[in-house]
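One chain, chain A, links the two complexes that follow: it is found with chain B in the first and with chain C in the second.
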Partner chain A sequence: MSLQILINGIATGSIYALIATGFALIFNVLKFSNFSHGATMTASAFVAYFLLEGAGLGLVPTLLVAAAAGALIALVGEFVGFRRILLNHSSATYFFVSSITLGTLYEGLVTIKAGSNFFNFPRFFSTPTINIGAQVISTSDVVMFCISMVALLILAFIIQKTRLGRALRAISFDRDTAQLMGINSTRIIQLTFVISGVLAGIAGVFLGIKYTLYPTLGSLVVKGFIASVIGGLGSLTGAVIGAVLLGVVETILLSLLGSGYSTIATFAIMLVFLLFRPQGIAGSNVQEKA
Partner chain B sequence: MSALISNVLTQVFITLIAVAGVYVLTGLTGMFSLGQAAFMAIGAYASGLLVIRAHLPIPLAMLLAVLLATVVGYLIGYPVVRLRRDYISLVTLGFGEAIAALLNRMTTLTGGASGLTGIPRTVGLGVTAVSAVIAIALVASFKTSKYGRQCIALRGDPLAAQAMGINVTRVKMIAFLLSVALTAYSGCLYAFYMSYVDPSGFGWKKSADWVIMVFFGGVNSLTGSTIGAFVLSGLPQVLRSLQNYRYVIYAVLVLIILNFKPSGLLGEWELTPRNVKRLFAGRKKPAEKKQEEV
Partner chain C sequence: METILKVTGLSVSYGHVEALRGVDVDVRRGQIVSIIGANGAGKTTLLRTISGMVKPLAGTIEFEGKPLPKKPHKIVAEGVIHVPEGRKCFSGLTIRDNLLTGGYVFKGRDLNEDLQEQYKLFPILEQRKNQYAGTLSGGEQQMLAVARGLMGRPKILLLDEPSMGLAPIIVNQIYDLIRQIRDRGITVLLVEQNARKALGVCDYAYVLENGRINLQGTGEELLGSDEVRKAYLAG
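For the complex of A and B:
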């Protein structure tokens, strides 16, 4: 029983990790909290749902379509919401407003198309559960965990080993200097948004499978934010650790307290964390530069 | 006055009070609360429950509700105001979700998802109008007070403000609590006007809506924010059929403004006797002074 809770928690945590890293990537590069991330998840999951409706395709094509949709949405969002602000060197508050506005825009568009209805992805797995010894684990949890892990490993590889990743880290460290070194910062920021959008798309589909698909699904992005705060704002490793931790703790609390109070409890945990270790687990506290 | 117009105006005035609070937080201090609507929910539920369950007189219930919200705001704000401003948005967003979950869950007390009914309908257009005027006057005098100017200073550069001897943490907290109190008060009025509250109306979208209203009219101008709130909260009430498109239209408008006139419609212009005189004298002073915030 308790092992099962642990496994469920880790599976949930792996989805949160996708959300949190997608959010943290943008935070890393532009130093602001991207509140359109949740709506990007919802919108791309819905695009995948409506495009593939009735086609009877499996999980992988759905994920690919959602990832592509997420990348496209994020790219458009970067162009209409952030490009001019960035080039004008306007105050960081405008990034906030832009991202909030973009979030409202995406959610509004989804609501117009989908109404306030609930949608279900078709069942992707012929056998809903797997038995390992005495444990019964849902197939979707296992598959989601594996795919999330692969996605995160690819992300880690990109960030650590490729030229793109190095450029991204340089820009996140100091955009102006990086630009002087010959890095095309606009291009790299675009690519960062694409990666973040891909992660959002995958996470959106997973959330749609786990819960159902509805226009305000994006508010689950809060979990990613909490994970990010616990892990250390802007740190990718921290975000993953925070997310898995949050997933496990939340699943345990859920079985003890039920749904309403566990939300309160996870929120309280975040507050306590901020009080005693505001720099998060990873300990990289991004301070306002002088 | 027809019932429709009076209904629309009452709701607009209630929104105005909340937006005045958001202006203090976002416009003056540069902090974003995406759980601001949760404080409205606290105000609405607490005052409603105090009247229904404890049979307190309404003004006392409102006062207690505003106090409760302020205390909760202090607890939320305490760890957050000393950190960079991203945290307050993230934490308040989480707080909003938590409050919504709690209201849905505590069915015996709050009526759960089906809402709290039976609140006496005692507030009308008059009370909300007077309250809105007082709230805006309060915020206007806060803006020109010592604290208001400290808020503006730390919005631009917290580090420099601190170097000038401003207690950044404390000023941020004061601004946050003032905005919480105003929002909670608007929640009280809302409860006693609608006579019914349910948790669905207090999500992050409402908080985002308020931020958008502030930025629409001009983030540095209380006049602009007020006009923004008036127009943006009044229009959809009149054009009910466009309800679904409302957010999309808002968002597109604001994106256009953000891209081409980031300081909002009015920029920094305020409605003061001097500025009005200048406007009518035909001198182009205000237009020349217009400058984009960097």
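For the complex of A and C:
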């Protein structure tokens, strides 16, 4: 296997990791799958594209605008789509319907503005490839990998070491009791959506760079779902490991089997995982104990 | 001693179930006040209404002469701290993180001193501070739940059945602890099915039956009452 394929796989995996963690965060605090996450990625990437169109700005401003857009979209989505359901302790089915509706709405809005065309971000890198000995690797893969890693490390720091992170973890274990600790759960849930939206924005831009921008780009969120199932639903570390594994396996399969069969093989792997290890790589965490 | 917590005419319903019907409770500063009652009497509902988790149908709750805020997190900030039934430690958080969560309202304050204080009171928690709370035994989890409550620097501590499911020797430890807490000047509102224990430790007590206060008096008075003896101390 060439270094190029490996690096390509890891870079792809690190984008999946951004998707999977953004998705898993919401799953953690609300115990539901946020199916509007994919469309949030697309919409924020498009917002950055259109706002900065022709300005000739680099990758970093694009990411910042997309992250801000993602945060805003997620915040509005939380208020419009989920707040009421949450306060009424309604059944998870409502979250399902609400998040799908929101996602379809975002996608519709993007389609109105963009049509069914494909858009390309400007070239962000003056040298598209780096040569290491005989190997040629793509600059964007390396940069996307590095930025994803930084984002994930910051996320890990927030979750593990800060007051906000502790509150978020407390809520994900027991929202009622967290409130008895003086945690304003509504506020923390809002902030969780903001973080998830920021991750969606960054992931959206990276997907756009990798595959061009189009209104249904967000359907790649499925890769994030798969990664978080492989990793163990709700486990952030598991999601990252699952995502990188998925990225590498997928890229290798792609180079061996071509695009048609590699997709089938990827889904087959997920089914095998669901059959034999439904708790994922991280396994059952202590959540179920005591 | 002046009244620190005054509950007047409190009624609570869950749909058709009337859990509390016109409950009056007075808690004096620096005392241990017990509420005893059988399963389903409404003890937990009373505490959850005080801490803002359940909305009352009627009645008022005054704390230090003022109505309590509505939102649970604001009530906690007033120094009304509720240690829930069944301990409810955050099982996947370390013991240290559980304690820090208890001090959540003190934004920007260094909680290290408070932590050390709890570790002095509960050495077992210090030994295991980096382990998940889910790995503690039931008794240890109850200690952690109380310690986590103390991290919030309570003016009044609401304890819901701290002796539930614990061996007698551990129950005794918990009750010693409750006395120590009162002796530090923290008011305690204690809810229990274990009437003998609760009446033994308290300064004043109420008997809750089917959502109503049926009897009240000092611990000794109630321990001596025929009614209480028949219904709650038999065996």
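Methods note: the second predicted complex is superposed on the first by the 282 of 290 C-alpha atoms of A that agree within 3 Å, B and C clash if a C-alpha of one lies under 4 Å from a C-alpha of the other, contacts with A are read in each partner's own complex, and residues count from 1 in each chain.
Convention: a contact is a pair of C-beta atoms (placed from the backbone, for glycine too) under 8 Å apart; a residue touches a chain by one contact, two chains touch by 3 or more.
These numbers come from a predicted model, not from an experiment.
**Student:** Contact-wise, after the overlay, does A:L180 reach chain B, chain C, both or neither (first, second, both, neither)?
**Tutor:** second
**Student:** According to the contact criterion defined above, which of chain B and chain C contacts more residues of chain A?
**Tutor:** The larger set of chain A residues in touch belongs to B.
**Student:** In the overlay, answer first, second, both or neither for which of chain B and chain C A:T263 touches.
**Tutor:** Touch status of A:T263: first partner only.
**Student:** Name the contact category of A:V222: first (chain B only), second (chain C only), both, or neither.
**Tutor:** A:V222: touches chain B, not chain C.
**Student:** In the overlay, answer first, second, both or neither for which of chain B and chain C A:T104 touches.
**Tutor:** Only chain B; A:T104 stays clear of chain C.
**Student:** Thinking of the overlay built on chain A, is A:T93 touched by chain B (first), by chain C (second), by both, or by neither?
**Tutor:** The first partner, chain B, only.
**Student:** If you lay the two complexes on top of each other, which residues of chain A touch chain B in one and chain C in the other?
**Tutor:** Shared contact residues on chain A: 286-287, 290.
**Student:** Taking the complex as given, what residues does chain A use to touch chain C?
**Tutor:** Counting only chain A, the residues touching chain C are 163, 166-167, 169-170, 173-174, 176-185, 285-287, 289-290.
**Student:** Along chain B, where are the residues that touch chain A in the complex?
**Tutor:** For this pair, the touching residues of chain B are 26, 30, 32, 34, 75-76, 78-80, 82-84, 86-87, 89-91, 93-95, 97-98, 101-102, 104-106, 155, 158-159, 203-205, 208-209, 211-212, 215, 219, 244-248, 250-252, 254-255, 258-260, 262, 292-294.
**Student:** Which part of chain C faces chain A closely enough to touch in the complex?
**Tutor:** Answer in residue numbers: 51, 53, 71-73, 76-77, 81-82, 84, 88-93, 97, 100-102, 104-105, 107, 132-136, 141, 148, 152.
**Student:** Spell out the residues on chain A that touch chain B in their complex, using ranges where they run on.
**Tutor:** Interface residues on chain A, with respect to chain B: 27, 32-33, 35, 80-81, 84-85, 88-91, 93-94, 96-98, 100-105, 107-109, 111-112, 216, 219, 222, 225-226, 228-229, 233, 258-261, 263-264, 266-267, 270-271, 274-275, 278, 286-288, 290.
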